[in-house]
Structures are given as structure tokens and as C-alpha cells.
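Note that subunit A is present in both complexes that follow, paired respectively with subunit B and with subunit C.
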Partner chain A sequence: MNDLTSGPFFAGIDIGSTMSKAVIVDAQGSMRAYVVGQTGAEHRLRANKVMEDVLQKAGITLDKVAYIISTGYGRVNVPFADKQVTELTCHARGVASLFPGVRTAIDIGGQDAKVLRIKDGKLIDFLTNDKCAAGTGRFLEVAADTLGLDLNEMGRISLQTDKPVRINSLCTIFAQQEIISRLSEGQPLPDILAGVYIAIATRVVKLARQLKVEPPVVFTGGVAKNAGMVKAIETVLGTPVLVPQEPLITGALGAAILAHDQYNRLIKSGEYDAHREKKLSEARIDFGENGR
Partner chain B sequence: MSETATPAKTDQKRAINRLKSMYPLRNLVQQDYIDTLNASNEGKPTVWAMLNYWEGDLPLKAMGLNIVYPENYSTLLASTGSAESFLDASDSDGYPTHLCGYGRSTIGYSYRMMKDLNGRIPPEAPLGGMAKPTLLLGSGIICDARFKWFQALGRYFDAPQWVLEMPMMGTAEGTEPDLEGYQIKFLVRELQAFIAFLEKLLGRKMDWARLEELIDLAVKIHETNWQISELRKSIPGPMHSTDFWSSMPPSLFFAGDMATALKLYQDMLAEVQERVNNKIAGINYPEKYRIVFSELPPWHSLKFFDSLAEKGWNFVFESRGYHAPRPLDFSHVSDPLEKLARLSRNFIFSIHPCALEDGIANPVAEVYLQTAREFKADGFFLHPLISCRAASAGLRSVQDFLMKRLNVPTLWVEGDIIDKRVFNPQETLARAEAFEQTMEHYRKVRKAQGLDW
Partner chain C sequence: MTEYFLGIDIGAVGSKAVIVNNTDIVASAVIPSGTNYVSTTAALKAETLGKAGLQASDIKGSSATGIGGRNAGADSYHGVIICSARGVSLNFPAARSIIDIGGQGSQVITIDEEGSVINFTASEICATGSARLLQVLARILQISMDQIGPLSLTATRPSNFSTSCSVFLETEVITRISQGDRPEDILAGIHRSIAEKVAAMARGFTLEKEVVIIGGGALDIGLVQAIEEKLAIKAIVPDNPRLMAALGAAVLARQSYSTV
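Let's turn to the complex of A and B:
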């Protein structure tokens, strides 16, 4: 990757509620580098940092990046982006680039869950959970904290059983209390953990069914890295799901591909140079030795 | 994309191109609150009434009573950002948070008035507040909250209560042709009993000539509103939903002086007609998407619609349930109570025969299918309300019918009429942006199917 010095390249930056991701693609639309880091409270600083890191990883400088699209909750805090695009659109594009025949995508992030229906690579419908942390990665984090486990370990342990206990609480905080109650009743830990995954999967699959799930189904987002969650989604959905090698970066990847598309449109219409000049005059970002 | 005239320069600051004729109609309802406060100060009887689809409003007005509508006042509380303290007061008195938001805010208002302030109007109440009622008029139409809520209010006030009823609605069986006569008789009996109750309570007789005059005005107000609705099918949509919501109380509640309201609606009709003639839109941006809104709006966040207007989203129509129904021919009806009964019944029963003709048993879905076709909707903004079962329960079915029958997509945004804590405008705007892609997709699908929008 480091021998690439010619451009143009395209970047997608996804500032999510928990994690920030950046992806670089080349002129053929192939991914050249990606990075993932915690978002934290300072979105602008995080945007600068992931951009700096992904440039370094790709072995290129910012001036080789012809177009940048930002997405995610913090997309407005990426001042060097040429354009902002909603994460729903970017996720759909990213997933379709990895799995061209995809019809349904389920994405579970740190604080939200969304279900996308995709056709010919485009988003045609979607639903999101927007009122409650149950059914999101936050629910898992609370369970992991309660049990003193890390998330990966929790997933592995849950796979040891086929007898999940029923977690009835719809509220993340009450579910935490329910987990403690189940432990004190002497229920085996793997059964409790499998029950936690099934509880989350049930909520998300309910959302998916409102959109009429059509296979193939792709499962993305940070939570898709967890083996216990993948199994639970497949169990509740009743169909296998495809998981990308790096399920966290589909939004950033989609943003980078859309950046590539947008660049081509501007070149074709002869508007790119004027756009770039305007953008450069607005930029006030220092990327250290990788900056322009 | 439809053709839209360039907005006047002076209007460019506002994303929504408000109708000038809307403002006096909006002010008319505000005058009702002031008049009721004055009446109360003079020791005259005052009424808190539930929206009753005109069964009760006109007899009350004919007997010279001043009426305010807690349901309407709740929207004012929300739109002025004053609802939260009253919601908290309702919580403090032990009412659960999942009850009707309108109910909770006025229960909280009553709690403040009667328990905290010994009968005085809460100083934080907008528009001078609602005067203490001497009569509570509930309604059994649409949902149980509408009389249970008034029962709850009755526990704060030493005021008589009455509940008006409507025959069963929402089912195919309710529309059997031979039932109509029974339903009218039922409603006439309801009205007779109500009028007898009012005469006893007030110690004076009904002014029948005045009642007939008001019924005629009501019919004309509805006819005018129906004509406005018809004009709104034009492209670009000449009147934004926010103008409808701001101007609906004089039609929905017959708020204000009805002769004045009729004149103001006629002015509105003329202004909308002028916009149609000149292809002027209800937004000051090119109309990119024609959107229909359902159910009740987030009253606390109406500014949110400006952000959507800037993106070219024109809310061309909204829930039919708050509109004047298709006008009836009353020429064969001479009895004023029968006329009033038919006017009320028309709201509920006018749509169901159309649904059955269309091969579905769901009148709510039928309303929206008709609206989608007639208004050439690119999408529906469905707003299920956390605290309103009646308004929200059928929306999934509506969503399914719109997609299955017409390939019209819906943006599903949970929220509430009163409680702004459950509505997330920023997140909704992000979803709206993605929804544009969905609408573009289904435009192509509809065209491929031979539909004309």
C-alpha cells in the first residue's frame, strides 16, 4: 500500500456515536486503507486524527485525496469534507460494494440499530430504532460491565450453550438488574449471556420484519464483530447472515465510494476545479507532515 | 420536480411561504381564550369541551356559552414550550407518563390551578390561561381517553360533567345502509338529552333560531374548507401543512365567532386560488417532494418543518381526520337536530363506503390511499404518537397499504404531540435525507407501473 503515490484517492469518514472510521479508496474504487478509533467528546479532533492516521496508513498525503465525504452522527464536524451524506445512504453503498446482491442490511452500532433494504446497490427503504438503547451495542456494554467480562469473551462464552434464558426487560437498566437476578438464581453464565444476545436480536429482528426481510442479509456495525450476536441474529431471523471482514467500516467505505462517484460527476460536468479551489480556500486543517 | 414560481424577495427569509389569510384565523382561537377569561371574571358560566365533531359545540354556542378546548390549549402549551412543567405536575399527581399527552398537560394545568394556586390561573400559562370551567363536556368519539381524561379533570373541579357519544365506527358493519336511520335517531336523542341538561343547568331555554343560524354557518364553513382542500391538490402545493394546523380550530372546533370565521376562510380560499392560478407554492423553495403528513404534528417542534422546506419538501396535505368532510346535501333536512346529527355523523362515516368499494376494510388506510393518489404524494411522513393509541394504532397498516397498492414510501418517525423529549429533530433530518433516495426510487417504480406521479 505504501508505494502508492499517485492519485486521485477518495476518502470517507464516519464519525459514529462510539467509534470513528476512515477509509481511502483508489481511482478503481478499491479500498487502500482504513482506520478505526474511539470517537470521544471532540468530534473535530477525532475527525482530524482518523484522517491523519488513514493517510499515513495508505502512504499518501492529503493533496492526493480528490474528494472527501463525511457521514455519521458527527459528520457536520468534519470541516475538511467536501460533502456530508447521511449514514443510511453510506451504509447501503458500502454494504452493496462488499456484497453486490445484498437485499437487507442490519446494522447495530453503539447507540442505534438500523435496517436497510437495498436494491441494485441503492437504499430503497429503512427503519431505525431511535428511542431506546435496548437493541444496540450499549445494551451489550452494560451487560458486559455488569458481569465483568470483555465483549469478545462474552460472545465466546455464550456459544457454549443452546439454552438461552429469557431476558424479559425491555429497558437496558432493568435488564441489567434481571441479569443479576438470574445469576443469583444460579442460572449458568453461558445461558444468561445467550439470553442477552437473543433479547437484543429479538428487538432488532422485529424492526427488520417491519421492512419484510429479503435475503441475502448482511450484518454490520461494531456489534457484528461479536460471535454470540451473529448466532443470535441468525437464530431469531431464521436465516444465515453475511458479515464483512471488518463490519465497522461499511459506512466509511460507502462514503469513500460515494466520494469517488461524486468526483467523477464533477469532472464530467467540468465543475471540479472550481469546487476544489473553493474548498481549499476554506480549509484550515493541520494534518502535520501528512497535510498539504 | 414541479414548476414553482420564484418567491418574493421579502419572503425569502422564511422557508415556508405562509398564507396571509392564516394569521387572522389563528388569532380567532386566541380570542376565545380571552373572551372566556372575561366571561369567567364576570361570573358567567364557561365550558371546557373535548373535540366532539360538532355535536356539542353548536348547542353550547347557541346558548351563549364561552368554550375553550383543553385539547387545543395543549397544542398551545407545546408550541410555546410551556408543556413540560404541566407534564411534571401531572406526574406528581400520580398519573402515568404513557397517558395521552393532551390529557397529561391539562391534568397538570388543573393540578397547578386547584392544588397549588387555590383556583387561580397558573402564571406560567400562555395566552392568559384557561378560565376555571363551570361545565366539562367530554366525548366518546375516537377513544376512551376523551371521556376518562374529563373524568380526571372533574376530580379537580366542582363542575358538572357530560359525555356525548357517537355510534360505533371504524367497522364495515357500522356502515350497513339500514343502520343509518338508527344512527341518526341515536344522535338526535343524544342532542335532545344534552340540550335538556343545558337548559336545566343554565335555567333558560335553547335559542333555536340561533342554533339553526349556527348550523348553517357550520355547513358553509365546512364547504369552504372542503374547497380549500380540493385546491391543495394543485402542483405545486399552494398551502403548507403548517398553515392548515394554524388555521384549523375555527373549522375543527368552530372556535371564535363563526360568521367571522366563515369570512376568513373565504379569504383563505381566495388566496389559495390565487396561488394556484399563479403556480405559487407553500414553500419558498422549488417543490422537489410532495409529502403528506400523518398523524398529529409535533406541536413543540414546528420549526422543524422549515428545515425540510429548505430541502424542497412541501407538505401538501395532512391527516383527513382534522379536515372538513365532503359536504352533504341538507336540502331535504328541516329539523335542526337531525341536520346537526348528520353533520357529525358525516365526519366518521363518509369514508367507509369508499374503502369498501376499494376492496379494503380499513377506512383509515383508504383515506390515505385516496390522498396519495389525489395529491400525487411522493412520500408520507408518518408520525406515530407515543402517547396516543387512537392516532397511532393503524399507521402500520397505512404504511403497508401505501406500499402494496401504490408504491408510495413512508418515513416513520416516532414522536409525541406534547412531550418534546421523545422527538429527535436532528436524527429525523438525517433520516429525511436518506428518505429522498427512497422517494426517488419509488418514483421510478410507479412510473414503470404506469402511475402518473
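Let's turn to the complex of A and C:
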């Protein structure tokens, strides 16, 4: 039981709108492996794939994983998960495990944005935007498409300037038009790109200010990988932000840590074996329906 | 001797001009706004004057409105809400409420019997509250803008959409097409989404009769019906709903001249 290499291990699977992530932690709650892949249309196949990949990366087999929690937009489509937990809870837990003193977390994903207030590692309040593409990763994708640039390239180019162009349109559809007009006016590309980041940051910070923004602030989600976006958030917020080394996996990491907690709880109450048996019989049926 | 006055409305999508004499509309024109409002204005004036058979020197006074109206070189500028109210009131003296579905957003306006604005609310710049979403849709479905309305009226099972953002709707429409939803049902579903947005904006307003729907969106009979249904009203649509603000501007130009 004390030999960490023989398990038990715990897994968190986060099926997001754009990306799927999986994390394995050991009995001490340390991360053993993680993977990130595109979600695609087939959530169930994707969940199987990220699970297989993360097991391989960790060098363990599925039977060594004692408890699995799924989270994210596609969490119901993870048939082998022991439990589903909302992404907000998982996210708060993951962020707090990486940055124990965190008070505010800003997460910008592929088609939503969330702001979380965290105290003592627990979620105390939150706001989300999933109604409007402005202020989400989608806005960046549209801008990148319009300009024929790759997302990372866009971030790098934007850092070349301190004079962002003002993008007036909050609506992504009109902003797209505005980007084209600014280009035709001969505005330099870095200034336009920096303006695009400021526009998204303004939208998200407006959401954040509806809650109280207290430092330290952690910035996560796929969009936090973009250097231009990090700078824009810091500029608009007026405070530096912390970005995890891999900002996509905080939800999956939180899910894995919660899986560990839940396992300990079930072991303590003596319910674990019964739970496991029940879960295995259900999973077999579910895999059967998938023709596997 | 007849006097002529010019009203110009440089909108986000279309630019409109109206020439009036002391009593009637003499000529009007609508052209795309483009990106250079100065040259747009010149082209618009030339076309309207040509239709009226007039010279620039025949125009006694002019007024402009709309997002680009300040660059139109007119004698005066008025806000688009005031101009729309004036134009509608002139055509429909009984009008008390106006719903304007423009190229970039929408407005709800209430007016008195003189055509003065009592109250109004304007949406933020949002494609879903505007006729812009219809353009996006026309492109995806490969139909022209004027086919949208009639086609949508043949819908039997309007599609349901989970989002109200035009960007996300674009993706969802494509998903619906792949699931076999018919174009008319998709259109009717989108009309409902826009009508919801308008209804949300009109909340807190008492829309007294007569209600007049104007702007480019009013050319879409399917959208007009969806708004009527959502708000439980019967609305009037002018023959040329895009011209109301330009007409109002022309009337304001005429008024300011006569009070000098």
C-alpha cells in the first residue's frame, strides 16, 4: 500500500468543448501523467482514447486505477467514470492544488469563460459566460481565421507592440469586419492583434469585476497558453496573473484529486468494494452497447 | 417655387437618402455603406439627385444621421432614434411604438402623437439582435436575402437552438443541416431566436398601438411574423422600411429651414 508505483492510482477526465484532457495522480496526490487531445464529435471514443493514452504515459494498467472522476461539458459520455463532478468544482480544486493561496481563477476555454472565487482551496462564488462568443477562445479562432494566422503565431506577433488598436465591436461577427477595416486602413498587424486580445480581456475582466477580483489571480484554460492574451489580461486587470505550466489540465487534475478524496472516503466507510463491483458490471453493459 | 431637402442615413450596412419637397417624397436611394463614408455619401447624393432630376444646388437644406452620418457633410446631424421616430410618425400618424431591426443592432422606441421620442432602448452591437444574422444564414443556406422570409413561412417544425450567439448559431445551424433539418425549419428557428432577443429588449416597455417595424430586418416577412407572435402584437411594416431614418432627417432639415 505504501509503494506508490504499484498503486492505487486515480484519474480525472475532462471532456471539454474543444479539448479532452486526462490526468493520473498517485496515492500521495502527485501527478503521474497527463494527456491533452482534440474532443471531436464522438465523446465516448475520445474518452476511451485519452484514458488509454494517459495510462500508457503513466506506465500503468486500468486495473491499477481505483477511482475515476469525469468532468467538463462531455462528462456524461465517460462510461467508465465512477462519478461525474461539475467542471467548476474540479477546476477550483486543481487550481488550488497548484497555487495553494489562490483567490481568483479566470478560465477562458474554447467557447466559454469562467471566473471563480476560491478561498482555502474551495469554490465560494463563480460567474460564467457561455452565451456569447466574445470573451471566449472562439473570438480568437475567428480572428486567426480572418487573418490567416496560427493561434500561437498571433500571440507572438501581438507582443511586438504597445499600441493596441481599439476594436469597438463586442460582437465577434462585427469585430471580424472591424479587423478587416483596420487592415485596409493600413494599421500594423501587431497593433491589430494586440487590440483583439485587449477586446477579449475587456469582456472577461468585466465579468470578473462582477465578482470581486482578489489576488493572487490564476489564469487557465486553452486561451491562457497564448502569451498575447496573458499580457492583455494583466494590462486590463492591472495586476499580474499566474499561469500553470499546462493551463489546460487544471480541471482534469482537480477531478483526479477529488477521485483520490472520494476513494479514501469510500474505503473509510467500507463501501468501496461494493461500489467497484456495481460500477464494473454497469461499465461492461455500456461498452457492449458501443460494440466493444 | 418648390423647395427641396435632403436626408441622409449612413448605416452600418446600407446607406439611404431621401429628397423631400414641402409635402412629399420626391426621390430615394439605398446603396451599400462600404468602408469610405465620404465616397459613399457622394455616390448616394448623385443617385438620389439623378432620380429626382435635380442639381446639388437645388437642395435648400440637408441633414444626416446614422453611424457614419457625421462624415456626410450635411448642414446638420441628428441621432438615428429621433430621425426614425420622425420618419415613422410622418407615414403613420397613429404610430406609438417602433421596432427597428438594423444591420448592427436593434432599437425599441416609443413616440407620442407629434412623433417625439418618449422612451427608447438600443441593443448592444450584437449580430443576433440584427439583420446581420440573416446574412450569415443566407450564406450558409446558399439563398438570397429576399428568399429567407417566404421560405421560412413554409416551416412545419422550426428548429430549436441552444444558443443565442450568432457565432455559435452558425456552428449549430451546420450541425442541424447534417442532422437533416430542412432549410425552412432552420430559418423559422433563427427568426424565433432574433424575436426572443427583441422581446428581451422590449421588456419593461408597453408597446402601444400602432407598432411599426422598420430597418432591413422588416423586409423579412418571416422575422416580422416571429416578432408579432413573440410579442403578441400586430405590426405595420412600411413599404420601404429601411428609409424611415433618412426620411426623418429630410423632414428635420425642412423643419429647421422653415423656422429660420
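Here is the rule we go by: the second predicted complex is superposed on the first by the 279 of 292 C-alpha atoms of A that agree within 3 Å, B and C clash if a C-alpha of one lies under 4 Å from a C-alpha of the other, contacts with A are read in each partner's own complex, and residues count from 1 in each chain.
Everything below uses one rule, namely that contacts are C-beta pairs under 8 Å (C-beta built on N, C-alpha and C of every residue); 3 or more make two chains touch, one makes a residue touch a chain.
All values derive from a computational prediction rather than experimental measurement.
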{"item": "Partners on subunit A (subunit B, subunit C) - clash or fit", "value": "clash"}
{"item": "Touching partner for A:F219 - first (subunit B), second (subunit C), both, neither", "value": "neither"}
{"item": "First (subunit B), second (subunit C), both or neither touched by A:K122", "value": "first"}
{"item": "Partner chain(s) touched by A:C171 [first = subunit B, second = subunit C, both, neither]", "value": "second"}
{"item": "Which superposed partner A:F80 touches (first subunit B, second subunit C, both, neither)", "value": "neither"}
{"item": "Which of subunit B and subunit C A:V142 touches, first, second, both or neither", "value": "second"}
{"item": "First, second, both or neither for A:S184, with subunit B first and subunit C second", "value": "second"}
{"item": "First (subunit B), second (subunit C), both or neither touched by A:Y197", "value": "neither"}
{"item": "Contacts of A:F9 with subunit B and subunit C, given as first, second, both or neither", "value": "neither"}
{"item": "Steric overlap of subunit C with subunit B in the superposed model, located at which of 24-32, 114-122 or 204-212", "value": "204-212"}
{"item": "Subunit B/subunit C common contact set on subunit A", "value": "131"}
{"item": "Residues on subunit A engaged by subunit C in the complex (per definition of touch)", "value": "111, 131-133, 138-139, 142, 168-174, 181, 184"}
{"item": "For the subunit A and subunit B complex, residues of the former touching the latter", "value": "85-89, 119, 122-128, 130-131, 210"}
{"item": "In the complex with subunit A, residue positions of subunit C that touch it", "value": "35, 104, 124-127, 132-133, 136, 163-168"}
{"item": "Sites on subunit B touched by subunit A in the complex", "value": "386, 396, 409, 412-414, 422, 424, 427, 430-431, 433-435, 437-438, 441-442"}
